[in-house]
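Just below sit the structures, each encoded as structure tokens.
The following pair of complexes shares a single chain, chain A, combined with chain B in the former and chain C in the latter.
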Partner chain A sequence: MNRLQKAVKDIHTVDAKEAGRKGQSKVHPLSRLAVTVLYILLTVSFPKYDLGGIGAMVVYLLITGIWEEISFREALGRIWPVLLLAGAVGIANPFVDRKVCWESGSLAVTYGMVSMVTLMLKGIFSVMASYLLIMTVGMEGICSSLRVLHVPKEFVTILLLMHRYLIVLLKEAERMMQAYRLRAPGQKGIHVNAWGAFAGQLLLRSVDRAQTVYESMLLRGYTGEIIGKRPVGKRGISIGYAVSWTLVLAGIRILPVFQMVGSLF
Partner chain B sequence: MHMADALVAPVVAGTMYACSGAAMGYSMKKVRLENAPEKIPVMGVMGAFVFAAQMINFTIPGTGSSGHLCGGMLLSAVLGPEAGFLSMIGVLLVQCLLFADGGLLALGCNVWNMAFYGCFVGALVIWKHFMKKGMSRKKIMAASVLGCMLTLQMGAFSVTLETLASGITELPFGIFVSVMQPIHLAIGLVEGLITAAVLVFIYEARPELLWGYNAQGPEGARKPKMSYKRTIAVLVIAAAVTGGLVSLAASSHPDGLEWSMEQVAGTAELETEGSAYALAGEILETTAILPDYAWKSSESPTGTTFSGIFGGAVVILLSVTGCYILRFFKGRSVKHE
Partner chain C sequence: MDDIKIEDLTFAYSNKIEVLHHISFAVDKGEAVGLIGANGAGKSTLLKLLVGLAEGYQGSIILGGLGVEKKNLAQIRAKAGYVFQDSESQLFLSTVYEDVAFGPRNYGYTEEEVEGRVMEALRKMHIEGLKDRQIYRMSGGQKKLASIATILSLEPEVMLLDEPSIALDPKNRRTLIHILNGIKETKVIASHDLDMVWDICERTILLSDGRVIKDGKTREILMDKELLEANGLELPLSMQRQYI
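Right after this comes the complex of A and B.
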């Protein structure tokens, strides 16, 4: 599967999840967005040697994932790029920071190793939290949250249109690529002679499409803002969701949960 | 060059959110001032186009690897810097949410590193400068390559600073920079070439889509609002009014230099001794038509007015003559070449 096909599949997965959830969620997208941002903020704020502290943050991911019936396999499929990036940035840590923090026989774990693993965990958890957010609220939910936060309506409209036409243009690009591959078998990408014409044609079609879209919007009474479906979250449940997760996450951040639980046994 | 959440400390993320938010507010204001609602769908669809186009692999000849186009530079070359910047924010937000490219916390950093430099520096510093006197294929190529390389270098340098400020890596600043900058120089060159190819195609097919394109061609690209003769006439009248009327209100107090000399030396007139000084003073007394901005041996205000007009005329005459002389020599030197 090439990048274009994978991108189309990823969007379809999110859209299918969103379609299957319509009217079921009682939590407003804004509450979920706030909890996700808080979660990422607290995760990255852990000290670089606090491996146990960061480990405890997995609780949120597990509970949300299982409760919302989201595939962890799909979520884990997204962590490779961030794992590589965090690994590349943190690769120097074990070589520079060689102070031993734990030793058992000939096996020694240095602070540099711990900080590298911590960095990778921060990356994985942040990506998974964002994935859970988009899978639980969808792009329309994010857009409605942004409007509640007084983000300008023009920007939200741009975002919504971008999301709606992403799949169309990705499929169009994929069709063009397929046609090109059939005429140029064995070629890895677009040849230098066709660089401009290939993407340029797609751009011209996109601009023409935008003009048609605008005319259609005008015919349907567009007055500067696309009015999407209103989120169905219940106020009390949404506030309760945000407050309870804030308390739990703050507790995990402040208290050494893993050590406390371990000391009970 | 997308930064992940794990690479940014909350303080750095907050600071970069504030910077990017300010740029977004400015762009939004400018887009609203344009009052072109038909541009909003174009911005949305163009954002989707950039996303789709970045998924296409362009083969780099002789290397076996591939590259993709530079979104910020392309968007600002089509939509303008402000609209392009807003579209790029949308692209980065979708990338972070749907494809785990970047992160919610690092979004402020990514917007700054990729969208801000790509759109504002790329469009206002590079593109606008190159297209000042009209567009051509060569100019588009040069602006795209230079713009992509420069903005990517700036973005990569910002990534280094943000990562180090976050205290994430143990790598020293020098090593980090020496790894980041050359890699992004090569990437910038490839992205610039691909972007140039696309923009040249647009220039050939539908040039009116490009930002800053003037349908009247290179000659009409910067058509002055006022003709040459009218400009000269206005300048002459302005000089006459300034010299003739405003000079009546000339202060009798000493100017800044004279005042300073009075404070230091007690007098505004320098004491000069010697035959050379005396001779120069005599020549000046004899030849000066309007000594001390007035008729000789007269305190009449008409003298001040006349001196203003006369002085203005002399300055204009000298400037024009000087320009013509310089142009004459410039023309000769070009012919010799």
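Right after this comes the complex of A and C.
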């Protein structure tokens, strides 16, 4: 399976997992969205040297991942390029901030190193939290929750259509790649001479397909907003979920959890 | 009463080359009409004009008593269901249920009504079992049936089908013919599959280079070897056997 096929399969797998989960989940997508937003806000709000504090935020990821039976291995396999990018944010810090904060023999840890790891964790945790949200409520769940929050319908529709058109674009690219490969055996990738024509054709064909999809929507009464099934969830459980996580996450943010646990021993 | 009435229709795309010339015909309520012709005869363009997907025509098109013009498009599209040639493009949501429910939801039905319409459309197409199936996991034939269900859930008065049997295997094609024969609404089917037209439509319109060459009983037109061959077509396969 090549990369394009894998990308299409991954999107469909996410859709399928989310659809399979829909019936079981009793938590309203809005609660999950609110908790994820709160989690990201609290995660990025940690001071740059508070490595212990931010480390404790992993609790949410672990519990959600285990509870929802989401494989972290699969997750890492899918989003490692984004994680790499997010992790690379503080890469220059050790060279700028060289003040030593901890020393043991010849081994010295500088504040720059600590802030680099903190920044990396902030990025990685935020991306992982978003991934878990998509895996549990899906793009449609996120979009319908955004509409409940009165986010403009234009924005929400663009978000949903981008998700759908991404598949169209990938499938077109895959078809073209297959046609190319069959007539260029032994070639690795697309020859540089064909890049321009390939990109142009891909754009034209994707626009064509997107136009047909749009026409199909128009013919079925589309007027600018994709109306999905209203997300469901048990009210009590959804409120309980949001309140519990708000308390836990706020507690982790305010209290030095790792130090408190350490002091017990 | 006429469900569709076209008078002196002429149409050109933006390149000014006319693809339809002075077309006139009417389709009665409940009638099944086959639209046949070689590639480029103007079949798909004609269907698109009927639902306002192509603009800027001359002449008159009336569908369900309404002129096909911008101000009436919402009402016309509620009356006419259009099934695209390419089911992949027609189905764009994740599951069959969600896709079939897309239209009724847009027309403001309650979730109970939506569910009723979706289940009825799926039942008509004999695909109730595919309700929660992910679209990408379906075969070409299943996708075609699902794409017709997306239209049936809107309970249209007129069904316009563009090459409905394309890419179907013989069994699925036979199922589709059986299902379409069971649908009592007005049907206009643009197709190269003359055997299918033979099985479903009592009347056929033969187009060539954007002109109506013949409009009459399906059996008469599809048995006329010279007429078909002069217009880039061949006898239906079932008829060809008689000549062997």
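Here is the rule we use: the second predicted complex is superposed on the first by the 219 of 265 C-alpha atoms of A that agree within 3 Å, B and C clash if a C-alpha of one lies under 4 Å from a C-alpha of the other, contacts with A are read in each partner's own complex, and residues count from 1 in each chain.
Simple rule for what comes next: contacts are C-beta pairs under 8 Å (C-beta built on N, C-alpha and C of every residue); 3 or more make two chains touch, one makes a residue touch a chain.
Remember, predicted model here, so these are calculated numbers, not experimental data.
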Partner chain in contact with A:L119 - chain B first, chain C second, else both or neither: first
Comparison of chain B and chain C by chain A residues contacted: B
Which superposed partner A:R209 touches (first chain B, second chain C, both, neither): both
Partner chain in contact with A:L76 - chain B first, chain C second, else both or neither: neither
First, second, both or neither for A:G90, with chain B first and chain C second: first
First, second, both or neither for A:V44, with chain B first and chain C second: first
Partner chain in contact with A:H191 - chain B first, chain C second, else both or neither: first
First, second, both or neither for A:M217, with chain B first and chain C second: both
Partner chain in contact with A:E140 - chain B first, chain C second, else both or neither: second
Chain A positions touched by chain B in one structure and by chain C in the second: 209, 213, 217
Touch list for chain A against partner chain C, complex: 8, 12, 15-16, 18-19, 138, 140, 164, 171, 209, 212-213, 215-223, 226-230
Partner chain A, residues of chain C touching it in the complex: 51, 53, 74, 77-78, 81-82, 84, 86, 88-90, 92-95, 98, 101-103, 105-107, 111, 132, 134, 136-137, 150-151, 154
Contact set on chain B toward chain A in their complex: 2, 4-10, 13, 24, 28, 31-32, 37-38, 40-49, 51-53, 55-61, 64, 66, 69, 78, 86-87, 89-91, 93-94, 96-101, 103-105, 163, 167-171, 193-194, 197-202, 205-206, 209
Chain A residues within the chain B interface of the complex: 3-4, 7, 10-11, 14, 36-37, 40-41, 43-45, 48, 78-79, 81-82, 85-86, 89-90, 92-93, 95-97, 112, 115, 119-120, 122-123, 126-127, 130-131, 133-134, 139, 142, 152, 154-155, 157-163, 165-166, 168-170, 172-173, 177, 187-192, 195-204, 206-207, 209-211, 213-214, 217, 224
